[in-house]
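Look at the two complexes coming up: subunit A is in both, with subunit B in one and subunit C in the other.
Let's look at the complex of A and B:
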């Protein structure tokens, strides 16, 4: 029982982190039906922003979170205005290849600039610290990352539901043409979607720095899981990303515990495959 | 008639000239070309450059005179070229395999046919070395390998392939020699420990060729042979985003000794997660790879105190082998870093070639083959704590493997005074540079 609880809580914590990674991707897709293949690289650059802030400005990885949020937002804005906006006039396949190209550019650009080495934060408020709650030992850094994820989810959810901008974003997502006729600047909505997507990926990256290494290829480790999470939850669905993230986290830990660690990704992808087969719109997808 | 005679005279003159040149003393020979095939581009390019430095420095030592090394007893440092070939210099010709077996084989053919090399070295990745070896075999050109560790290579019956470096099974043997040595009280500074305190093993390997080769050798061969019990054999997903569950499983297995075959990212994540969980095995050992990576040391620092890793070369060996210290210093002056496992093993390969060429006194392939088969370099000429270099068989079906090659096992030790972490040698026991920290102190 203890093992189940122990593992279950780890699964939920990691699941919340996956959910945060999926948030930005699902927001962008929801608004403009574009899959950002470079999302893992946005995360990677967020990690570098967080790590470099820690290494050169202030020796606390948590201080890097707002910086990485800003860097991520800027990256989203640049990616949209310089690349994606131009691709929109082409066929849909151009968007796929475009963001795929961006992924390669960012990954190997980072390799050229930062070198292949792995860097890790070694000190900080929650780095390598234990949190003992009711006899259970938790990784403080993961608890903080999960809490950050839950907070950002709440914020984005409220923004989408309660603010005028959120309603405009939702209107754009629901029907772009109709939204434009109602006087919504849909191009601006796209831009905001990318800025939001970039900012959440960046902040997720900086939160990861507390317990994960940083390298130019780290985006690869997380991007498959992120895409699976988004598809499982339903492309474009914010609550769906949250639920799917937690589900993926739980499947991962319990497969490793009960079946075999080498099959954990295989089981995640099998669940994903079955969902796509029997419920193509995902768990909470609108379409 | 006159014309025919003139033709005969010309042919005779040409033939005479050929025979004359062929019988010229080897003094006229200026260089001996050795082809070196390495992954100089592609993902392994940084390693390839490191390997290349090892070749270049040792070639330089053989080709010139280094009095300070010669004074320490290093014979080749006083040679100024290959003595029996009239001081001929070794000329390494580097070729890029790009890490691909087919490219490696093609490079080997070109080196032999176009460059006329008398021998080959390389090619780092065992898969590339194997294709290069088949080309060497076909052309009857010796291939001396000092950097590939797949045990298979010396079991294929090749007549033109010799391996200086230990292979993976030897590295695994070293680990069990260390465990047995602990029980027998041979480990430096550690009184004999009861076998029951280290009997139960957890073998944790990534699910790749590298991981399963190590895992299977330990689980199927060594543990049963030496009387240890494998309580957990875990093959995990390499480059995992999270290893919490794997770690919980490991701790719950109740194993005394944790054995890892992981690259650096997973190695860091495992150690961090184990530390958070407060795991306290008796020993932790890593099969090189991630465990010797500088990024691993940077990420974990003092938390590594007591962790063991196998390595072919640890710079600390200089404390017990003056030749190693002097060569390491030379390397440092030239390249700014300590000799690494990669550069050290290539130096040993060049050394083997130099002695073989000198013993053969010729660059004729058959003479070189004989010289390599009969090679016997004493241990005092080496930068590793081996008994020497001598090719033969250590297990059934093996051929042309250096029978004296062993690895080293290092232990990370934290020095609170300097705040630094150093890798001290604890195996081979006679080359130990510090007392072993035993049992593993834990992370609390």
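Let's look at the complex of A and C:
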């Protein structure tokens, strides 16, 4: 029983990080129906931003989180203004190829700049530390990553539900043309969506640095998990991203434990396949 | 000087001349009707006025400013609000939130926006359904919500694109009464595109008639009903159809 609880908690902890990752992707999709294939690469560059801050500026991985947030935001803004904005006047397929190309560019650009070596943080407040809570032993780095992700997710959720900007973003997602006639600058909403997506992916990346290796191709794995999460939760749905993130985290750890660690991604993709087959709009998706 | 003054508005789609040098003016507080058969270019003209399309030629002066090339959100902020032929509600947001989006065009504070939204909802008689979602409501109510949302932006000019389309005769009657009440209370200028003659003629002080992209007549409702070119282009067909329903 304790084992199940241990695994369950570990799944929920990872799931919260997935939820934060899925949040950015789903917000961008909700606002402008564009899938950002480079989302995992935003995460990867956030990890590098966090790691390099740790390695060269201040020997604490957590100090890299705000830096990674800024780097991610800047990436989002640049990707939108230099690339995506121009693709919008083309056919929808142009957006797919465009962000797919951006993914390749960032992934192999990072390989050229940082080299293929895996890097990881070896010291820090929560690196390789155990946290004992009421008889349960938890990985402190995962607890912090999950708590940070949950906090940021909550912050974005409150912003969306409670502020003028949040309602303007939701209005743009619900009906772009009507939003424009209500005085909302929908191009600016696109930009804010990308800034938000970049910043959350970047910070999720830096939170992972405490317990996950950093490499130029690390975005690949996380991209696939994030797409699965967004599809499962429903494209454009923010609560869906949270629920699906936790579900995917649980599926991952239980598969690793019960079946085999090698098969955890296979099971996640099977779930993805089944969702697409039987409930294409996802658990909470509107369309 | 007129509140809205459009001069020589021309819009071409490929080989089709959708608007051919259309002139139209709306005075402060005036209700102006814009009628014409299907394909006359009414909606294109509306889209040019509201910033959705940029005219190929002509100027649009609103409230003393040249808004010809302004994007839609700036036109809205300048004080032109519109409703749509097909209702564009924001799903996932309640009626109140939909109207708050309109109110945010003028205020930043959420509670103030909510207060304004509720005022407008009371004016159009929708306070009871404030917490419902537009998708759950009948078409006539959704159209009222759209009207409330437009009013919440505090426009100087309200443009209505075929509000009567899809409504029953009783609902149309109710809507006309509502617009009269709003006009009485707010003294708001309105530009009304309409097919249904019984709705638009009694409401309007001045009527413009488009056909084939050109303005073929303008005048008081009485002058328009007796205008030979209008009868030929539109009214015979329009009245016949309206009475058949």
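Convention: the second predicted complex is superposed on the first by the 287 of 287 C-alpha atoms of A that agree within 3 Å, B and C clash if a C-alpha of one lies under 4 Å from a C-alpha of the other, contacts with A are read in each partner's own complex, and residues count from 1 in each chain.
The rule we apply is simple: contacts are C-beta pairs under 8 Å (C-beta built on N, C-alpha and C of every residue); 3 or more make two chains touch, one makes a residue touch a chain.
What you see is a predicted model, and the numbers here were worked out from it, not measured in a lab.
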**Q.** If touched residues of subunit A are counted for subunit B and for subunit C, the larger one
**A.** B
Q: Look at A:41 in the shared chain and tell me whether it touches subunit B only, subunit C only, both, or neither; answer first, second, both or neither.
A: neither
Q: Could you say whether A:225 touches subunit B, subunit C, both of them, or neither, answering first, second, both or neither?
A: first
Q) Which residues, counting only subunit A, touch subunit B once they are in their complex? A) 3, 6-7, 10-11, 14, 18, 116-120, 122, 128, 130, 137, 139, 211-213, 215, 220-222, 225, 252-257, 260-262, 264-265
Q. What residues of subunit B sit close enough to touch subunit A in their complex?
A. 46, 207, 234-237, 239-242, 244-246, 248-249, 252, 264-265, 268-269, 272-273, 275-278, 293-295, 298-301, 303
(Q) Under the definition above, what is the set of subunit A residues touching subunit C in their complex? (A) 162-164, 167-168, 170-171, 173-175, 177-186, 286
(Q) Under the stated contact criterion, what part of subunit C meets subunit A in this complex? (A) 50-52, 71-74, 76-77, 81-82, 84, 88-93, 97, 100-102, 104-105, 108-110, 113, 149-150, 153
